[in-house]
Each structure stands twice: as structure tokens, then as C-alpha cells.
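Across the two complexes that follow, chain A remains constant while its partner is chain B and subsequently chain C.
And now, the complex of A and B:
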């Protein structure tokens, strides 16, 4: 279980971004988070994943497998989430031994492994980033607007693979999106972040 | 046929390798019409805008016919009769105040009142005119880009991916700005990966895949399960939308 309790975050100049936010994600649960831009969804995602520290409140992860990288964040812009000077094989190996079933599930072609990030399309590179996330064997995944830049078919493919994988592996998934129709279709529960 | 912009047999090649990036594309935009060109990233849709405006990178070569009002497009047409609403708000000159920026791109006379009228039409205060781009919010900057196109004498506006990664409110906002441009009687070539935007704004939708236009059809044909669409890829795109079959379409 991932438990977020009374989390607050203040921007420089003492502007409160959000205050006293709480939510719980169970293993195997898919939870949607919607809300306007500028409201702090990405900041919250970074706090949950450990990239930022909250001013107040707690993030508690009750681990089942006892692993250190139990929360993984998938970013909106994959090209900003990889080292541009690393080939795809090295990018994937960073997350652990490449599990061929995951590579196959995400339709990552063998020839991509020897390319650099710039030599893949946005949709292809996002699939690499998702593979890297899954290879780290997380117990919780935060997906922050991961298909905003993609065409509808790539978007549907990515969410089909991701939602099936988390259900099979009892991973908790938080999908952050401005698209409420998308969230209603994929999530067990949708929270309007205000 | 009174077409404002006509693209005939446009091809774009890679200079060194001769690899074809755009393959014999035909597309026309009639007077007052909005034509959307939709496709995945890497499909080549932005190259078409760049080719029309002669903005292709140096390593690419173009062939084919580009007409404005049934005659070849001249250098003078670009910027005067055909304008671009760029993808990024970074296109504004960071060192020039909004007023001067708009004035420098509008047809004469460049009166201050004209700038204020234009800003007012897009819901901006006069005070915005005296700001630098870095002092604008994202929404304000996008309004300025649209204001420049709206205030110009151009009959054809090319909007290249006008809603990248915007949230619902900003997207709705941008759509209403583009509708304002449409209402002014200008023709629009809208380039987007966002199907919702295309269906909302366009009269006609052309679908591009691997550098080829595979379908060019009226917006009204995007209904139901896509029975009225011709190409399987267009059908698949339509069915993959979250409001349609989404992941059940795969």
C-alpha cells in the first residue's frame, strides 16, 4: 500500500501550491488524478517518487518485495528522461537485467537497442521508458501525462500494455491526465486534484 | 475551384540519401476552409508546413507545385499572404515588447490603437502591450501569436501543432482563438496530432502516414465506429480515441 498523508508543498515566495493532501493506492489498484495545469500534479508526482521533498506530511510505502526503488515515475517527455548520449541498450540496463518478456511485451525491436534516443520517435522512446520502469520491478508507478504528445493509436497501445501489466503483477498505478474520458476508461477510481 | 492554397505532387527528399520523407502529396485549402492534417509523430506532417513556407532544413530538398490563388507562391507571399502560427511560444522575440512585436508584423498603418483593438479582440488588456515575452503567461503568449496572424492581411494561416501538451482549459482556449481566426474569413491549414482538435475545428481532415496522404475526407465522416472512413489506418486512429473503443480497439 502507498499512503500519502497530509502532504503540503510551498513554492518560493511562500506561495502554497497544495496543502494537506492525502490519498491511498493499493497494490493492483489503478487510480486517476485529474486537474488543471499549474495546480501541482507534476510536483505531487515528483514528491511521491522521491524527487522532491514535501514541506509537511508523509509518503509511506508498505513494501511487499522489500526493494529499494519501489516507486517509479514515468515522465511526460521521454526525450528529457533519458541520457541522450546513452544507447537504448545501456538506458534499459540501468534498471536491471533486461527481462526479455517485458521487452517483447512493449514491442521494442532488437535493432532499437543500438540506437540513440534521438533516432527513435516519441512513441517508441516512451515505450523504452516504460520498459525501463517495469524492469526496475516497482510496486507503484506514477504515470504523469505519459501520452500527451502521442497519436491516439500509440496512446491506446501504451495504456493497454501498462494496465494489463500492473493488474497481473499487483502493481499500484497512478495515472495523471487532463483527459477525464481516458481516466474514466482505465481507472478504478478518479480523484479531482484541487 | 477557388482554392487559396494548393499543394500538388509535393515530395521532400533527404539530400544525401535520397530517402523520401514526403511522397507526392496533394492537398488544397479553399477560401474560408479549415483543413486539418493529422498524423503520428514522425509521419512528416510538419515537413509539409515547412515546405510551403520554404523553411525546410538545409539537408532536405523539395519538388512539386505550391500555389497561392492559382499561381505559384512567391517569396513575397510568405509572411504577407501566408502566415504561420508557430508551435512554440518561444517564437516571440525575447528582446522586443509585445506592442512593437505586433506592429512590426502588421500591415501599415501600424497605429497603437490597432494593436489595442487586436489585443482586446483576444481578451487581453492594453497593458499587456508594454510587456516583454518573459512577462507573459503561456496563455497570453499564445494569444499574441494568434493576434499576429489575425491582424495580418494574410488569407492563409498555417497553424503547426497549436496545442502541444496543453491541459483541457488551455486547449479549449486555443481552440476558441483559432475559431476567431476562422470567423475572420481566413483559410487555415491545421497541423496536429490531436484528433479532438481536428474534429472540433476542421471542415475536412487529411490523414498522413509515412509521408503519404492516405485519406482526405469531410469531418462529418468521423462518426460511429468509423464505417464511413476509407482507410483502415484512419479507422484505427478514430477507434483508438478514449471516447470511442480506446484500448478495446486493439
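And now, the complex of A and C:
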């Protein structure tokens, strides 16, 4: 269970972004997080995944030294989340031994593995990023607007694969999105972030 | 594509090795043939002691190139080291940047003369002096590059995947820094040689019996007014040619490394 209690974050110019935020994610639960632009959804995601440190509050899952964090974040822009000088196979190997079943499940073709990130389209690259996230074997996944740049068909396809995998492996999933219709369709519970 | 950087490299190495094969004793004093203009027997002429200028020039080039490569490597390495140090935390960054500002605010030659003079001149003094004056530019470039890379999601993500610091430096930072290192090395090399020649010319560098280009040039000053132009012309021209050849080689090598590998079949990097 991922427990976030009383988390506050203040921007460097002393403007509080959000204060005293709490939520709980159970294993196998799909949680939606919606809210207006610029109110700190991505910052919250970064705090939970360990990229940033909160000013106050507690999160019960922390990174062990030398191991991958059990909360993994999937970034909004996949082209920034992969090293442009690496081939795709190295990008995947960074997270762990490439599991063929996961690679196949995400429709990643074998010939992509020898390509560079700029030779894949945005949607293809996002599937690679999701595969990398799953290969790290997290207990919780935060999907931060992962399908904003995709057409509805690819969007549905990606979420179908992701939600199936999450349910099978008892992984807690937090989906951050503006799209309330999408969240209502996918999530067990939707939190309006204020 | 490969031929383009091989040819200047071969010429460069050929001249460098030839100068090694020449024995130091071949620079003998022969007063019977002193002050001769260039001829078939002595292509670069002879000096006021009857020494063959071609052999002296080749030996001088050997010394200059050795110093150039050595100091360029040391400065680049020092730059890499300091830029990595500055990336650790803010205090170290402040210390490194103020050192960069300090060294950049003084003219190279002044600091160089000061350091070489304190170290007592000679080869050691010149090399250390050159190393300590040529690192700031490359350090600044590398520091900016590292600062930018550290903000990239893929580098931050690597930490969350549990990769240790040295692994991230080797696999994430180094591939992006390598072209900068190469460019820095290429830029420092001729600079170091010319500064070595300059400081030797001014009399703070190598001792007078060393066959360095700077020594040859500074000695020839006294004889130029007597019309012995070949004493300065050929050694100076050879030094210039060697630097141009080296830059030609290094630039094509840089392009070769930086080429688009996307559509190459080779799989292992």
C-alpha cells in the first residue's frame, strides 16, 4: 500500500504549490488524479516517485540504495525521457533484463531495438518508456499524462495494455490526466486535485 | 570517409617519427659552412654555427608536438575533473567558477610566465605552466553541459532505476561530453605549442641548448637584420604547417565520430 500523508511543497519563490495533501493507493487499484493546469500534479508525481523532496509530510515507500524505486514515473514527454545517444535496446536494458513477454505485449517490434529514439514516433517511443517502466518491476506506477500527444486509438490501446498488466501483477496505478471521461472509464476512484 | 582523416594523420605521424630517428648528435657545429642560404645540400640553410637548419627544425618540431599533445591532454583532463567536481554541489561549483573567472581575467602569457618562472623553467615548468593556464575554457563548456544534462529527465530517471553515480557518469554523461572533450583538445593543442614557443622566445621557458622552435626563432632575431631570412622563415612555416595538418586531421575525426549512425547496420556500440 502506498500512503501519502500531509505532503506540502513550496516553490523556490516561497509560493506554496499545494499543502497537506494525502492519498492512499492499494495494490492493484487504479486511481485517477485530475485537476486544472499548473496546480502541481506533475510536481506531486515527482515527489511520490522520489525525484523531488517534499517540505513536509510522509510517503511510506522509499528507494533502497542500489535498487530501483518501487514507485516508477512514466513521463509526459517520452522524447525527453530517453537518452538520444542510446539505441532502444540499451534504454530497455537500463531498467533490467528485457522480458520478451513484456516487449511483445507492448507491440515493440524486434527491429526497433537497434534504432535510435529519433527514429521512432512519439507513440512508439512512449510504448518503449512504458516497457522500461514495467521492466523495473515497480509496485506502483504513476502515469503522468502519458497519452496527451496520441490519437484516441493509440490512447485506448496503451491504456488497455497498461491496465491489464497492472491488474494481473497487483500493481497500484495512478493516472494523472485532464480528461475526466478517460479517468471515469478507467479508474476505480478519481481524486480531484486542488 | 575514413581516408579523409587517415591522410593528415599519416603525414603528421611520419614527420613526428622521422624526427625521433634523427640523432641529436647530427646537429653538429661546422664553422666551415656557417650562414649558408638554402641549397640542395642544406634545404633549410645553415645557422651562424654551421648547424643544419632542417635537422634542427625537425628536432624542434618533435619537442613542440610532444609538449603540445602532453599539455593538451593534461588540460583537457584537468577540465573534465574540475567540471565533475563542480557538479557535486553548490559550494564546490562556486569555488570552481571563481577559479575559472580568476584565470580568465588574467592574460594567458602573464600567468604562464609567472608559473613557469616559479617552477624554475625547463620542460617541467613549461608543461605545468601550460596545463595550469589552458583549462578554464574547456572547464566552462563542460560544466555548462553537465548542468544541462543533470536536468534531463533521462538522467534523473536513471537514478530512480537505481544506477550508481559512476554508472550514470560513464553511460549518460560521457557520450555527451566526448565531442566537447575532443574539440577542447583540438583547440588547446596549437594554442599550447604557440604559447610554448612564445614563452621560450621570451626566455622564461626551455633552456637554450634544447632544439625547440621557440629557441630557434628567438635566436634568429639577431641575424634577421643581417639578411638571413631562412633562420626564421622555414622553422616558423613548418610549425604552422604541422598545426594546420593536425587541425585538419582532428576536424575530420570529429566529423567521423559525430556522424549520423542511425542507418548503419553495426549493432554493438
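Here is the rule we go by: the second predicted complex is superposed on the first by the 187 of 194 C-alpha atoms of A that agree within 3 Å, B and C clash if a C-alpha of one lies under 4 Å from a C-alpha of the other, contacts with A are read in each partner's own complex, and residues count from 1 in each chain.
Heads up, the rule we're going with is that a residue touches a chain if its C-beta (ideal position, glycine included) is under 8 Å from a C-beta of that chain, and two chains touch if they have at least 3 such contacts.
Given the structure is predicted, the values throughout are model-derived calculations rather than measurements.
In the superposition on chain A, contact of A:181 is made with chain B only, not with chain C.
In the superposition on chain A, contact of A:151 is made with chain B only, not with chain C. Once the two complexes are overlaid on the shared chain, A:42 sits clear of chain B and of chain C alike. Judged by the touch definition given at the top, the superposed model places A:126 against neither chain B nor chain C.
Of the two partner chains placed by superposition, only chain B is touched by A:163; chain C is not. When the two structures are aligned on the shared chain, A:70 is found in touch with neither chain B nor chain C. Chain A makes touch with chain B in their complex at residues 36-37, 76, 121-123, 145, 148-157, 159-160, 163, 178-182, 185-186.
Those residues of chain B that touch chain A in the complex are listed here as 39-42, 164-170, 193, 195, 236-238, 240-243, 246-247, 249-250. Across the complex, chain A is touched by residues 152-158, 160-164, 171-172, 175-176, 261-262, 267, 269 of chain C. Listed in rising order, the residues of chain A touching chain C in the complex are 49-51, 63-64, 66-69, 72-73, 75, 77, 80-83, 85-87, 90, 94-95, 114-116, 118-119, 136.
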